[in-house]
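Report on the following structure.
We call the chains A, B, C and D, going by the order they appear; numbering starts again at 1 in every chain.
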Amino acid sequence: MRTTTRWVGITLAGVLLAAPLAACSQRGANNGGSEASGPCKGQQTTGITKTSIKLGGTYPLSGPASAYGEIPKGVRAYFDYVNKEKGGVNGRKIQWIVRDDAYQPPKSVEEARRLVEQDKVFALFQTLGTPPSTAIWDYANQQKVPQIYVATGASKWGTDTKHPWTIGWQPNYVAESRIYAKWLKDNKPNAKVAVLYQNDDYGQDYLNGFTKAIAGSGVKIIAKQSYEVTDPSVAPQMSKLAESKADTFFDITTPKFGSQALAADAKDTSWNPLHILNSVSASVTVLKPVGFSHVQNVVSAAYFKDPADPQWADDPAMKLYKAKLKQYQPGADPEDQFHAYGWTVAESLVKTLESMKCPTREGLRDAMRSQHDQTDDMLLPGVLVNTGPGDGFPIESMQLERFKGSRWHLFDKVVDTRKEFGPVQ
Amino acid sequence: MTFLEVSDLRAGYGAVRVLHGLSFSVEEGEICAILGPNGAGKTTTLRALSGVIRGRGTVTLGGTNLLGRSPENVARLGVAHVPEGRGTFTQLTVEENLRIGGYVRRDADGVRRDIDRVYAYFPPLRERRRQVAGSLSGGEQQMLAIGRALMLRPRLMLLDEPSLGLAPIVTRELFGIVSAVNEEERTTVVVVEQNAHLALDIAHQAHVLETGHIVLSGTAADIRADEQVAQAYLGYRV
Amino acid sequence: MAEFIQQVVQGLGSGAIYASLALALSLIYRFTGIVNLAQGEMAMFSTYIAWQLVHAGMSFWLALPLTLLISFAGGALIERIIIRPVEGAPELTIVIVTVGLFVFVNAAAGFIWSFLIKSFPNPFPDGALNVGGVQFDFGTLGVLGVVAVVMGVLYLLFQYTKLGLGMRAVAQDPASARLAGIRVGRMLALGWGLAATAGALSGILVAPLLFLDPNLMSGVLIYAIAAATLGGFDSPIGVVVGGLIVGVAETLAGAYIGFIGSDLKIGVPLVIIIVVLLLRPQGLFGRPTVERA
Amino acid sequence: MTTGRETTRRTAPAEADTPYVSPRERAARLLTGRPARWTFAAVLAVALIYAPFYFVPFRNFQLTLVLVYAVALLGLNLLVGYSGQISLGHGAFFAIGAYATAILMYRGLVPYPVTLVVAAVLCFALGFALGVPALRLRGLYLAVVTLSIGLFLQPFLKRFGSLTGGAMGLTIPKPEPPAWSGLAPDQWLYFLALLVAAVTFALVWCLMRSRVGRALLAIRENETAAEVMGVRLAFYKTFAFAWSAMLAGIAGAVYTWVIGFVSPDSFTIVLSITLLAGIVVGGLGSMSGAVFGALFVEFVPSVSQDVNEAAPGIIFGLLIIVVMFAAPTGFAGLLRRLLAVRK
């Protein structure tokens, strides 16, 4: 075949030509990171200087999951507040670069590589979504770059031991399921439960956690329905679950589908189960569109203060959050739970940065894995951040809440699921 | 003032120039035939007149300029162009095709009357009025195309090779009707035809086109008598 | 037995939602022979306009007609600005332009009105009609009713009005329509305007049930396309029937066939479409294109 | 009666002007002349081989992804560009190829190069199987069926978790560079992708010059005419479908090597639509179209993000529309028009 031989000739010529050119390349020039001296000798200090810390994060700013693209506004508000009014962290101003991965794992890997290799960030702070974060964590750990406080509640961030540089932050879905299971075992020992769950890692983590937690007790799951993110509505699933006449309904949905499920439950007068709503959809902004009268006595759990909830109206931390959000992110709606989430996780990060012994990546890794009763103003009173050698979950305590009138009412006490149920397997 | 005045008409498709400056005129109520072999530029001429393609030079119809207008506006000036391939709306019924012909007219009852008039000219169309036009024979579709043109009550009718794909007797009958319409309604007709023989029967004057130029003009009788045309197009030796 | 009927009613409810958007899709397909992938997002944007009017204090029954008018103008404008420049281009190019429009409108809506879920006033009364243990939710009945009305109006418009005849002519042979004096450009703009209006109505019908957010219609679009393909794109009645069949089949399969369950139920419309298209390529009600060589 | 006009005879004036060649045309002739083409190809080859040594690993990663998308778009182009069948499910075959490789590598059954062959064969078979019913469908209807298959695949992958790792997906070790090569991991992956791309482009290049290619082009131009002239429509259309699926599978396999992680949410409908937009933007019916399309798919989203961080979707959508205005037949078409040499 004459043509292929011609191609082979060209590529050979290319290889011969290319070899000598390999010497002078952009590649060799700037991939050396800087190291620390003194007590933190040999540890990496790329992306951190006396006066600045450079961080990077990946979020779905576009595409179907772009609702979560609101979180960075809350984070940026807190960082601007700390930089401008607190002189930064130990005198270091925080610079935070956000990249869009449209919730596509290949894009997440690309953006993470850009942040680490090109922008030379000190650490990856907040990579959103389990698939994107899973796509990144091998790379982050191989590059020895902290992937701190990933924005997903999957239990694997804490149970895994092969990725020391990666850690979650919010209470994991299994822990939350355990709280509901415990409450049901105590208050409704023979509850018949119907479950609606999103058919992905998030939904299945909740479901598996709940199933394990109620094993061997009177509480039984008698009906399960899943839905796809591409489904237009969950009404068909809800009408199928209604047939089960279960007395309890465990609702594992993301915000939009949460409102639909609440509305369907209210509309079906023949089925009035105890409605347990997972914390991902527990913001008042999800309940309000359904109409407060329809969502009375819904039960959920929380670990940080919901800005849309009047009970925190005069709480100092909430006032600070709302004022600073308005000041530094004028367009952002303070009642949006994603903004409050961003603000709260940013606060936790700053506290962790402050607690670093060595201003190095290794220092941050060790700091994030050894936190003792660290408080955070926007967390519920009593919810503390704890990590340690055997404990990869910063937050593991939540408090149950019931919706009455036009706000959530906390009840029982803050439950530390680690103490209560032991570590998550 | 002549009815249709065409002077130095140039037209083409992108880089390909087809018409190299045609000039001819047609009196009101006259049937003018444009003859010529394939590729002489006959269809292009009609397309330039009706605005389907952009022509340069000057073309006036009763004093108003035609060039530069979109086909819709040319049609609204009373120019009905029956295109090559007849432009039948195959999925619409025969009657719907005719109603489309009179679409721009405001007088609804006038349109209804004209439909009956067309059925009078073309009886087969009346029988098939409910039928989907796509299922009509070639001859019937040609009748429908001319009928649709008549619905516009045109001042000028441009016919593009009506004989295409029709049996000679059908074409003869068709040309007879065109001639009758011309006489009764004084509609000026420019017919482009390869079948010079039949065209010359009904035409008052004719022009012979060759590679974008008019090489011969004159009355139908003169053209028929001219031995060069006879040899080239009429197929017999004078 | 009541439960079975309840599932069928549930399926009809979903089907009505798909049919409402499918009507708008079939309108544009009739003119330009392309599927406007941005139809759902345009409907969502119109719904946000209605929401904004109601939010600003206007009564729903005033905001509705106003929104339909704005949507009509918007649809015509989109045709004139975005579709006209690529009019002569290959069909696929126009489809990709609508993909660009899809991405743009979705992001713009999120940017303007944020991604917070918004409730939308429900023109139909709450509660349900209880007939023999089967609940006929007023909202669903409302959607079915309006969809039937829109279907009827479109059918009458196309079959019995001069305007409809003109539209059908433009759809089939724009060049020949021009020669008859029909202003094809204006007709296309009119078509897109009408489709945008039908889309707006679909959005306004659906928002109370699905809750308003920028991704209101992205799930519905795929099912609407399936419905229109099943029923035959060029027949308003076919499109609605197609929608109802897809809705009922999907819900019943999801509910009763164990293996399929609620995650694989998207496979049901797929199988139906393949079977129908293999038997009747033009869809259940579509007219076969008569080609006389 | 007509006026007695004299029959006048005019002869056609001779075309007198000598052919004037505009500078643009002269430049175009220079650019597309035979010698020029080889120097251009040689320079390109050198650049492609030298690139991984020049760029930072991050850029190599991007270039590797461009090569992966180029192979996928090459397949889609075979289907859409050459044989005129629209597919909105190309992402599904990409996913099947990726998963086949991931499952085999996760269980360590075969060395990774073999997984490419398995993915290719599997997708070829599935493509052929799907090609048969696709024969009866055309244009929009084929698009709808392929769209639904793409949609169906995601829950299907989640359903059989034991095999596919379910919603959590599968993480697999990436192919390591052999010691003798002295290459860094990212360079090794780049060269793997480059090799696969070179082979597939050469294969399709030969294919298009063969009888098959001409048959496909005939089908695209006019199916009935092609059939009348003895082109066995059934065979060639399913052939195009199978080849395009195979190429998508191969691209999927290389994707798994490069990313090292597959999950059902990585292969959504957005991927299929982006690939279709990419090939139309790149230029249908031309090999270079696949390359331009790949560059568009890889780089435009991040460019639109630099322009407007709050809502990159707005810019990305506008860019697609603007490109379609500027080049209705894609970049390749635009380039060809610019370099058009009037014979």
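Assume a contact is a pair of C-beta atoms (placed from the backbone, for glycine too) under 8 Å apart; a residue touches a chain by one contact, two chains touch by 3 or more.
Just so it is clear, the structure is predicted and the values come from calculations on it, not from any experiment.
A count of C-beta contacts for the chain pairs B-C and C-D puts C-D on top. Averaging C-alpha coordinates per chain and comparing to chain B, the farthest chain turns out to be A.
Mean C-alpha positions place chain B and chain D at a centre distance of 48 Å. Taking each chain's centre as the average of its CA atoms, chain B and chain C sit 43 Å apart. Chain C and chain D have CA centres that are 32 Å apart.
For the pair chain A and chain B, the distance between mean C-alpha positions equals 74 Å. Annotation for chain C: residues touching 2 or more other chains are 103, 107, 110, 222, 263, 266. Within chain D, residues 151, 155, 158, 269, 310-313, 316 each touch two or more of the remaining chains. For chain B, the set of residues touching two or more other chains is empty.
Chain contact summary for the complex, chain B toward chain C: residues 50, 52, 70-72, 75-76, 80-81, 83, 87-92, 96, 99-101, 103-104, 132, 134-135, 148, 152. Those residues of chain D that touch chain A in the complex are listed here as 38, 41-42, 45-46, 48-50, 53-58, 61-62, 65, 151, 154-155, 158, 166-169, 171, 198, 202, 205-206, 209, 255, 259-261, 263-266, 268-271, 301-302, 305, 309-313, 316.
Listed in rising order, the residues of chain C touching chain A in the complex are 3, 6-7, 10-11, 13-14, 17-18, 103, 107, 110, 114-119, 126-128, 135, 137, 209-211, 213-215, 218-220, 222-223, 250-251, 254-255, 261-263, 266. The touching residues of chain C, counted against chain D in their complex, run 29, 35, 37, 82, 85-86, 88-93, 95-97, 99-108, 110-111, 222, 225-226, 229, 233, 263-264, 266-267, 269-270, 273-274, 277-278, 281.
If you check the complex, the residues on chain D that touch chain C are 80, 86, 133, 136-141, 143-145, 147-149, 151-152, 155-156, 158-159, 269, 273, 276-277, 280-281, 284, 310-314, 316-321, 324-325, 328-329.
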